[in-house]
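I have placed the structure first, in the form of structure tokens, so that the comments after it can refer back to it.
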Amino acid sequence: MKKKIVGILAAAVIGTTAFATVASAASGTINVISREDGSGTRGAFIELFGIQEEKDGEKIDMTTVDASITNSTSVMMTTVAGDENAIGYISLGSLNDTVKAVKIDGAEATAENVANDTYKVSRPFNIVTGEKVSEAAQDFVNYIMSEEGQQIVEDNGYIKADAEAKPYEAADVEGKVVVAGSSSISPVMEKLKEAYEAVNKNVTVEVQQSDSTTGVTSAAEGICDIGMASRELKDEETEMNLTATVIAKDGIAVVVNNENEVEDLTSDQVKAIFTGETTEWEDLAE
Amino acid sequence: MNKIKERGMKIVFMVAACASVLAVFLICLFLFASGIPAIGKIGPLEFLFGTEWRPSNDMYGIFPMIVASIYVTGGAILVGVPVALLTSVFMARYCPKKIYRPLKSGIELMAGVPSIVYGFFGLVVMVPMIRETFGGTGTSWLAASLLLGIMILPTIIGPTESALRSVPESYYEGSLALGATKERSIFRVMLPAAKSGILAAVVLGIGRAIGETMAVIMVAGNQARMPQGILKGLRTMTANIVTEMGYATGMHREALIATGVVLFVFILIINLSLSLLNRRAENAN
Amino acid sequence: MQTNAAALNSQVNSKKRNSSSLTDQLRSYLRHPGSGILAFLTGLAAVLTFAVLIFLVGYILIKGIPYLTPELFSFEYNSENVSLMPSLINTFIMTVLTLVIAAPIGIFAAIYLVEYAQKGNRLVKVIRITAETLSGIPSIVFGLFGMLFFVTALQWGMSLMAGICTLVIMVLPLIMRTSEEALKAVPDSYREASFGLGAGKLRTIFTIVLPSAVPGILAGIILAIGRIIGETAALLYTSGTVAQVPNLMGSGRTLALHMYVLSSEGLHMNQASATAVVILVFVLVINWLSGKAAKRIAKG
């Protein structure tokens, strides 16, 4: 019996690895992968690369309809990592060695380059608060915007919103703060929460990871104290008496497969690829 | 005393039975209240039959998604239902006693694997396989249907097997005694006798296929355009809701909830027509 | 010596009988090719199903086991060590509580439909249709509804309770439908015998009908457990994603949500894979436990 199980497991191992290794052979067609309509990453991406065009006063998203759409960074990365011909874009904070970030107009995608404006593709991390802010929530916001909080932002690969923030002054508050919203901001928010709870032991912070819209609506409806949105607020949202604060900036990296020879793309090339003008890797205009 | 107890319990049973009615009522109420106004604003025809989905430009046509949902579910049924039915026959009638227990727990295990795990399995194993064999991106109608076909297996096998087992053994033996082969007895006597249970299982499977989201969005490509072929990507209604709900606001969000309403009505239609079919078959018998 | 030879003899005989029955079977398939093809297809389908299963399980194990470290099971979750212990406990709580609420309702409803309702009763039709409708509703729609109703309208906030109630509605039709089939499968002769012995209807149901229907009901409950453990879309908007073990009105994540959250930004993919292994083991354990429980119920 035991032998059988071992045998079955071995077969499964061989099977899985066999499939893992066949992923090669380049046909040359560019497989474009994009984020979903309305996503903060996509919004910033199409705007900065001019994929969004203005016609008759309306902004039109020109992303090719042939692009595969995903709503998750990890699916984007897994797809690009497994497909030599794929190209996509992700948050700089999530970048790792399974995929390769290309230089844009010669500038490497790093936090420093975003901070000094040589790498221009970035988006804001917003937090929003409703009309009534509890003392504890206000204190947590103060902490995030303080020197210590901003340092944590930078340590995690994001870009400070306020380079000259003042040190945090501990306040005598207690209670519970619920923070909800964008999954892009959640990782850094958890770091902030841990650091803050270490300084101010009377306050507990809960981080609810969902998405930007849920974060903003929750803040408006009072379900949470602080909402997180990894995009600019829409007009309907600013009308809801919310206060938005930018706590950090996040670069957006254009990523390709590690086997792909492309190292450097110009903004025009990226635009041509994502609007569907260029469909073959060989056709990339120099 | 006993009578009161009997009557009391009957009422308890009835109230329990009405729980699902209440649930559906509440869901209808909340969904329709937030979805119908949006359909009204967009225009029902434009919403249902428009082929352009560009929320940032206020174009909300979900026809491509409706078609895609039908295609993907149809494909999943084609892949999953025959395999599931035959496997249940195997489990109920052919399986050697020694390996029955492990196989049975295997199928139960399959039902408990979260859909994201299926999704990653599809993304890492099936999508590259399709890409290597047939070309294209791999994220496609084919990938989605195959993956869903696999996912609905345990949903159908479990109830179908127990339906087959509940057919009295005398049916089987009687058929054998009349000179029919084992297979003939199973497929011509046992399967028809277990029809109502099997149909219920298949409906459950279809429900799971049409409603599955987390796995489908990883392998379907999610292009919001009319489906272009079996190797091209498409976007189902569920995928439309999940991918965009996270960032949608205002009209866009309402249009997504309205997509949910359409999906809901869709499932209503499927269920009604299936129960009609079932009743007709019963009457014919 | 003689007995030995006899034993040997009978063994040979039985072997002969076995092989002859196999050739008989094959010969019969030659005579009835349709039957042969069906038998072949049945075997093929079974092999396919289990090949996929082994492949899937193998994939999960290979991806996850190397990252299954003891730190993953520490009681505190923090951003350095994304422990899955709180989610494991939450999953257990939610599964048990959901079943405690949903199973009685579902089984009682099935009892009503099978044992009490008259055929052609309008109420029964409505109940059937609504149950089927419920079973077809996508989990994301349940999630939206749960958020609109339990979280916002009832003011529960994102909480385990909101998650549990949403799950109850979700698995209810599953339990109802399978229990109904199981009850229907109990032969009428059982009931008649019980009535004949002077037992009342209620007594007949609880002591005769229900125990014989336990395996079928259990099949439904196991499916329900599977759905509860694997659910993400419906819980994302109802129970929330905080990594803690809360009281019922607080927010907490289940294992599947834990995995979703870990993998969504691509920062903790390895731990997400390890979580998948834990989910698998969890499902196995719960299935095994419910099998044991069913045996005991069927006996008692």
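Letters are used for the chains, namely A, B and C, taken in the order the chains are written, and counting of residues starts over at 1 for each.
Here is the rule we go by: a contact is a pair of C-beta atoms (placed from the backbone, for glycine too) under 8 Å apart; a residue touches a chain by one contact, two chains touch by 3 or more.
Because the structure is a prediction, the values reported are computed rather than measured.
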item	value
Contact-linked chain groups that survive once chain C is dropped from view	one piece
Greatest separation from chain B - chain, by CA centre	A
Mean-CA-position distance for chain B and chain A (Å)	33
Whole-Å gap separating chain B and chain C, where each centre is the average of the chain's CA atoms	16
Separation of chain A from chain C, taking each centre as the mean of its C-alpha atoms, in whole Å	36
For chain C, residues contacting two or more additional chains	55, 57, 59, 263
Residues within chain B bordering two or more other chains	120, 124-125, 242, 245
Where chain A touches two or more other chains at once, by residue number	16, 72, 78, 210, 214
Of all residues in chain C, those that touch chain A in their complex	54-55, 57-59, 61-62, 78-79, 151-152, 157-158, 236-237, 240-242, 244, 251, 261, 263-267, 269
Chain B-facing residues of chain A, complex	16, 19-20, 22-23, 25, 27, 31, 36-40, 58-61, 65-72, 75, 78-79, 82-83, 86, 210-214, 216, 231, 234, 236-237
Chain B residues within the chain C interface of the complex	2, 5-6, 9-10, 12-14, 16-21, 23-27, 30-31, 34, 82-87, 89-91, 94-95, 103, 105-118, 120-121, 124-125, 150, 153-155, 157-159, 162-163, 165-166, 168, 181-184, 186-187, 196-197, 200, 203-204, 206-207, 210-214, 238, 241-242, 245, 257, 260, 263-264, 267-268, 270-272, 274-275
Residue ranges of chain B touching chain A (in the complex, touch as defined)	54-57, 119-120, 123-125, 127-129, 131-132, 135, 137-139, 217-218, 221-225, 233, 235, 242-250, 252-253
Touching residues (chain side chain A, partner chain C) in the complex	8-9, 11-13, 15-17, 72-74, 76-78, 90-91, 93-94, 96, 180, 183-184, 186-187, 190-191, 194, 206-210, 214, 221, 223
